[in-house]
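Residue numbering begins at 1 within each chain, and the chains themselves are lettered A, B and C in the order written.
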Amino acid sequence: MAATELVSALLLFLLICSSDISSGEKTRRPRQPCKRLVLYFHDILYNGKNAQNATSAIVASPAWGDKTTLAVPNRFGDVVVFDDPITVDNNFRSAPVGRAQGFYLYDKKEILTAWFGFSFVFNSTRLKGAINFAGADDIMKNTRDLSVVGGTGDFFMTRGIATLMTDAFEDDRYFRLRVDVKLYECY
Amino acid sequence: MAATELVSALLLFLLICSSDISSGEKTRRPRQPCKRLVLYFHDILYNGKNAQNATSAIVASPAWGDKTTLAVPNRFGDVVVFDDPITVDNNFRSAPVGRAQGFYLYDKKEILTAWFGFSFVFNSTRLKGAINFAGADDIMKNTRDLSVVGGTGDFFMTRGIATLMTDAFEDDRYFRLRVDVKLYECY
Amino acid sequence: MAATELVSALLLFLLICSSDISSGEKTRRPRQPCKRLVLYFHDILYNGKNAQNATSAIVASPAWGDKTTLAVPNRFGDVVVFDDPITVDNNFRSAPVGRAQGFYLYDKKEILTAWFGFSFVFNSTRLKGAINFAGADDIMKNTRDLSVVGGTGDFFMTRGIATLMTDAFEDDRYFRLRVDVKLYECY
């Protein structure tokens, strides 16, 4: 097994190296974002009793799961739709500046990991438009990166990286994510 | 509450302003699309009785929903998979020029909003390839923008904005969207 | 019908042609990828009995489906969450170099087609980060292209095309995809 792993790792290493084509015009590394914003969003999962407060709900689950309890083990297969308030600080009671809308799903049996497809939607006098995100969330890591795959309105055609941190995680029912949005392509 | 809102708005405003880094090389604003196409797609939702005509079906719903009726309130939590005909005009009976394939989900309890992940798939002698879309659809607005996050074939590596208009909306069972696809990166 | 089709085709043709705006600065066609890697991933679907081996599970299905059997016809409406091993060759027993994580859904009644949203997640000493994919998979074709919509870590901000080939397809329970990842934007 160790030998197989070594061979695989070696093959991958060679494959990556050999594939790096030094092409000046297509390889570019921006040093700093052209725009950056740090925001928080708050997710309260529906558990069968909190319809008033809940901002998200399980809408799909594996054969062994249901829609008011997170699946065991590690929530694997649960799909959650959300409409979460976005705030500028970590206080759930701060006035929201927008909504985080879309879905996440838990996709690993052994540990907690998720996959996100969602948008930050802004609709105030100061800020209009949306930032669209997609990517894997390796929840157990301190920080992890998603892709900003596009934007509209004030974020027209943007791309970048969103660094997530779990700022709070309580009782299977509430979590708060800190999102450091670093945009490297601005129009 | 008003004070909290003001503070939040102010903080957000400062945050956005301070994050705008004037970097000539990364900030670019194209004036017009390099390619543009206006198309329509038609969605007939499965309701338990229209298997022949339906082009989409509810595949996931919240605890209080089911798969042949849209959830109350505002369809929140319903996930729909679709394979909808694309036409060049707003006539459902026009010959399709491609298929809109993917999913949408309804993600707000208070009003109708959706999140889309889908593709326009073309496979004719004149047009081959796909345009891939992602983003939030604020349905109650007259127009709203999604991101074109990529493309293949004749739309190799493209990016842009798709402006949606609800062209028809009938009986919870049929809607027609006008999609104005504006591509700002063409290869 | 033939006349309608002809008119639609003609309209689409004109529409595409007229929309091509010759803008030197925005039209660019890279000749070869700046990075390329060919990898395989392996999907074993949960069928009610293989909880140990399964790497994926049906989590949503249409009204006529269930979560341990693929829906008829053509799996339309089934949504599958997966955490599949990635290998550098087509041997399922090779040591994985990463995980393919996310979801696919089957979206056509007449033939097998799917829509994918997922990531290749790498976390070894040699390779860190993720490649994020989205797009339509026209399964019955020999090869088909998805979009690489972004990347993180070693694949920071990348974009490109992923060409899929079905390398094995067995018993409704196992498939193996060969993924030729061609990155045209590298940072």
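Going forward, a contact is a pair of C-beta atoms (placed from the backbone, for glycine too) under 8 Å apart; a residue touches a chain by one contact, two chains touch by 3 or more.
Treat the numbers as computed from the prediction; the structure is a model and nothing was measured.
Colleague: Give me the superposition rotation angle from chain A to chain B, based on Cα atoms, as a multiple of 5 degrees.
Modeller: Fitting chain A to chain B on C-alpha atoms yields 120 degrees.
Colleague: Would you kindly state whether over half or under half of the residue numbers at the chain A/chain C interface are used by both copies, giving same or different?
Modeller: At the contact between chain A and chain C, which are copies of one sequence, the residues are largely different (under half shared).
Colleague: Taking the mean of the CA coordinates per chain, how far is chain A from chain C in Å?
Modeller: Computed value for the inter-centroid distance: 20 Å.
Colleague: Please set out, as single numbers or ranges, the residues of chain A touching at least two other chains.
Modeller: 30, 59-60, 79, 117, 134, 149, 184-185
Colleague: For the complex, give me every residue of chain A touching chain C.
Modeller: Result: residues 1, 4-5, 7-9, 11-13, 15-16, 19-21, 23, 26-30, 59-63, 65, 76-79, 105-109, 113, 115, 117, 134-136, 138, 145-149, 159-161, 184-185 of chain A touch chain C.
Colleague: Residue numbers of chain B touching chain C in their complex, please.
Modeller: By the definition above, chain B touches chain C via 30, 32-38, 46, 48, 57-60, 66-68, 79, 81-83, 87-89, 93-97, 99, 101-103, 117-119, 121, 123-124, 126-127, 129-130, 132, 134, 149-154, 156-157, 184-187.
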